[in-house]
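Right, I'll just put the structure down here and ask away after.
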Amino acid sequence: MDSAIDTTHAEHDAAEHEHVYVPQHRHHFETEEQQREAGSFGMWLFLLTEIMFFGGMFFAYLLFRNWYYEPFVVASNQLNIGMGAANTAILITSGFFMALAVWAAEVRKKNLLVIFLILTTIFGCAFLGVKYFEYKEKYELHHIPGASFDVSQFINPAAYHLNQPKIAPDQAQHVQLFFFLYFAMTGMHALHMIIGIFLLFWLLWRARKGEFSSGYVAPIENFGLYWHFVDIVWLFLFPLLYLINRHPLN
Amino acid sequence: MSTTETSILNLPDQSTAVIPKKNFITAEDGLLSWLLTGDHKRIAMLYLISITVFFFIGGAFAGLIRLELLTPQPDLVASDTYNKFFTMHGIIMVFLFLVPSVPATIGNFLIPIMLGARDLAFPKINLLSWYLYMIAGCVILTSLVLGGVDTGWTFTTPLSTHYLNTHVITTAVGVFIAGFSSIFTGLNFIVTIHRMRCPGMTWFRMPLFVWSHYAASVLMVLGTPVLAIALVLVLLERVFGIGVFDPTKGGDPLLFQHLFWFYSHPAVYIMILPGMGVISEVVSTFSRKRVFGYTAVAFSSVAIALFGFFVWEHHMFIMGVSNYSALVFSLLTMLVAVPSAIKIFNWAFTLQMGSITFETPMLYAFGFMGLFTIGGLTGVFLGSLGMDIQLTETYFIVAHFHFVMVGGMLMAFLAGIHFWWPKMTGRMYPESLSKLAAVVTFIGFNLTFMPQFILGYLGMPRRYHAYPAEFQVLNVLSTAGATVLGVGYVLPVIYLAWSLKYGPVAGNNPWQATGLEWQIQSPPLTENFTEIPIMDHEAYDYEWLEHKTAQEVNAVG
Amino acid sequence: MGISPVLWQFLVKWLTASALFPREGSTIAPWMDELYLFLLGMTVTGLVLVGAILFVFSMRYRKSVHPVATQIEGSTLLEATWTIIPLAIFLVTFVWGALLYFRIYNPPVNAMNIYIVGKQWMWKAEHPGGQHEINALHVPTGQNVQLTMISQDVFHSYSIPEFRIKREVIPGRYSTVWFNATTPGEYHLFCTQYCGTNHSLMIGTVTAMSPADYKKWTEDSTSGMSLAQNGERLFASMGCNACHSGNAAARGPSLAGVYGSKLTLANGSQVLVNEAYLRDAILNPSQHVISGFAPIMPTYQGQISEDGLIDLVEYLKGLNTNYRVQQTLTTSQSDQAAPTTPGVVKP
């Protein structure tokens, strides 16, 4: 019984089999190149799904901002722009070191790679640290949506020594919507950061073993794409949540 | 050639034929070798078993629903229980059966082979998606065991967020996880189709099965995350009660519907497109002809995927959306109907000048074409704005989507299973019994769902536990049909299981088909091909096959 | 045929009691049925066409008759044919359906208005004359009736299949539909949007009656107070009249004749005052501040039911002069003032 497709094609030249076999090469890929391309293509597709995922929340944000412009402006002014700006800088720096890490892997410098990955991790953790203090501040101000949410500062800012226009109670309820979206969006972003940091630890461990120092850089590259994507999401979140209403309400 | 006048079935001489000793099933032993496998064929088998289980769980709920509706009074179960029945039926059937049905089983098994690859691009992610599927299934079953959920499969807010105290959260988490399973499957397919085609396998040499899976995968990858975020918002809203979807707190209940249908309408095409791919293969094989208008069929899949993203609002025509946006979405809905019509006519014309035989897969394919025509054209009723007012939210809708999903997709799934069963297992099933099952399914299906069209125009609302007495005759007919349909679905399970041990050995190419999958042994080797093939002919090239077979006969003789 | 007479009787009774096509109870029904029959014709034609092609080809080209297939690539002409013809038919149904949709969802101006409030799991109907009904609706034949509907909780859907109308009843938002009943009789009323446990009990009866009977019914079932009268009472008891008194120095704008007019809001945008606007302005006043007024009105969210809102809206719709508003205000002020300092008019 013949057991496979006929293999007698004359044009089936032997050149096809001259791949460089490396330990990471998976048997089902014909060539190392094919594996690398597939990996990076898959990563891009995954990022596409991530865009759609965040897109749903951006859509909700835009809808409600359009409906409830005033409360959104007031609420946005309550965000700590200093911490937000610091975080932006931290995240960009982290992304910068990630780019350097990819470079280090490509030029096969093991120690540099490890150092850059550590720096990426440190800045990633720093971002989360700042985020923690930001959330804490919101908690103390009763700005976390839910049972403990308090609108009185928005109805009567003078009593809290706040320099902001007061808004009507019915509008103040909508401040909560803003904070809900703020926490949903930044929370989802932070979750991506946390996952990223765990992946970074794993990559570090592998990098220290020298796995990425012999020309096999796909995991570093793909993780780099992911990390930059997380950066970019923040680069949309920061202006939309913090900056866009940074002007006095008239 | 041992084919007869009325069949192309060509089994090897049973006295000498054996299943190849080395194949993907025998490659490794033990449960762990299955649970930790990276082999797309084994994962396909795992999927096949699990979706069959979920199909019958979902089917049991369908049976209970029909049983309750035998009488106009709410007498079999309490209203809450009935509501849980149709919710669980919907959720299990949609998320755990229809979405993964053809892609995760037949597609998983065949796409790498059809492309001449050894596996999908990411075998581990493929396995992960099965595990996610199983976790999702278990979570949903847990919510069922804990007491069920009664939101309807659509999770409509604010009902699901503020007015029910059933296990909405558990179920939504389950659906969320199932979504990621389908994202990973789609992602794997797209990368495989882009990057893993064998030498000579150009885009327009790919079987149409692959084209339709490509279109479906794009929908999975782009649509499912929106469902995920909609469910996350429902969860948060339920836990914290913020009011994103609650009008009394300034939220917008329609926002949820927009997000939900942005996925769930394309999901309909995720479900039907792979089925259309199966039909293309089957119709071509059993009429010994290249699919009529290959490019038109291929591009119609892509067109469906493209337009499919821009018609979601047709689920909300009566929900107070702006009349003018309804106009746009109605127009787009009409446009998306056209590619389906193109496909139907192309399949029909594939028969022209062919040499047709009527084996089981072909019977299912005929069933598909008839029922899908009805399902598709009744969709035009609903896309037509004015008509939608009378028909939406009634049994007409129920009948329409069951014609598409069950009459279309399930028929296609069964056609595919019967077509590729000899390839997957190396054994043939009893042909006369399977033909009987196909006919029984067809009759049972029509008896079940035809009366529901009439009920729908009469105005019987869907999801009703009790109904006015004058609707009883049609409901009894429908329940009777469901019984027949049930028999039609149980039969294949029995004889297919039987065939695993006692079925005749099928040989490599029992149907004389042209696809790459038919040129290798059945069941295939773990690595599919001993040598990566080179595609030097078009898809569905029967002259190439004839030439090749002649050469082999010469070589042996 | 020896069919048992008992069984025969049973079958006959059963079949005659069942329906196959809904009655035509409104002027909309024939329009809908025309489209339905057209679409049905389209479906049957399509099905017969596909079926015939499949059958004829199966017969002519089955293997025993046509043992060797002739390979055909395709045909651009045929592809164009079955792209363009279905497209043309679908576009016809699109235009036809759209015309019908606009006809059903744009109420005629002279329609009488009945308010519907949906809640789990009942329908409340409120007639302008103050008649209230639960899970029932009485309407006169031969007159355009508009339903203005709102839900107190979840989505519901108001469906009268024999009138061929249906519309979602949405929480927090008015939706409308209209009909003109032609034949007196009783018709089914269904909630078609799944709304929880007793969804299938959220049903009722629509009774169409001749105008004379309807007049009699309204007189027999009046509660003595029209919606507008209820609204007037609410307007006073909730203190609306204190600000919306129509006085030159009043803190709120005058509401006489405001319905149907165009207002300029504080943010410069123009709005048309309809039922939805009035309702929203009561619940979310600070989003609807009229140009020239301070945003001081408190919200009435949670303090007034949908029924109360309907009363207020109905009252404001008919409010043409502030005469009675001021009278009520003066009376209540002098009532309050009277016991303590008789004879003295407080500033």
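We just call them A, B and C in the order they show up, numbering each chain from 1.
As a working rule, a residue touches a chain if its C-beta (ideal position, glycine included) is under 8 Å from a C-beta of that chain, and two chains touch if they have at least 3 such contacts.
Given the structure is predicted, the values throughout are model-derived calculations rather than measurements.
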Exercise for the section: Using mean Cα positions, find the chain sitting nearest the overall protein centre. Expected result: B
Practice task
Averaging each chain's C-alpha atoms to get its centre, pick out the one most distant from chain C.
Solution key: A
Problem - Geometric centre distance via CA averages, chain C-chain B, whole Å - result: 38
Completion exercise
Expressed in whole Å, how far the mean CA point of chain A lies from that of chain C is 46
Practice task
Could you check chain B for residues that touch two or more other chains and list them?
Solution key: 250
Completion exercise
Note: chain C residues in touch with at least two other chains are 284, 301
Exercise for the section: Pull out every residue in chain A that's touching 2 or more other chains. Expected result: 68, 173
Practice task
Name, in rising order, each residue of chain B that touches chain C in their complex.
Solution key: 5-8, 74, 79-80, 83, 150, 152, 154, 156, 158-159, 163-164, 247-248, 250, 253-254, 287-290, 292-296, 317-320, 323, 326-327, 330-331, 334-335, 337-338, 341-342, 344-346, 348-349, 351-358, 366, 369-370, 373-374, 377-378, 380-381, 383-390, 392-394, 454, 457-474, 542-543
Problem - chain B contact footprint on chain A (complex, rising order) - result: 1-7, 9, 11-12, 16, 26-30, 34, 37-38, 41-42, 45-46, 48-50, 52-57, 59-60, 63-64, 67-68, 145-146, 173-174, 176-177, 180-181, 184, 188
Handout entry: Residue ranges of chain C touching chain B (in the complex, touch as defined)
Key = 14-15, 17-22, 31-32, 35-36, 39, 42-43, 46-47, 50-51, 53-54, 57-58, 61-64, 66-75, 78-79, 82-83, 86-87, 90-91, 93-94, 96-106, 120, 153-155, 157, 159-162, 164-168, 170-173, 175, 188, 190-201, 284, 301-302
Completion exercise
chain A partner, complex, touching residues on chain C are 283-287, 295, 297-299, 301
Fill in the blank from the handout: Residue positions on chain B within touch of chain A in the complex are 12, 17, 20, 112, 117-123, 125, 183, 187-188, 190-192, 194-196, 199, 221-226, 228-230, 232-233, 236, 240-244, 249-252, 255, 259, 507-508, 516, 519-521, 525, 527, 529-534, 536, 548, 552
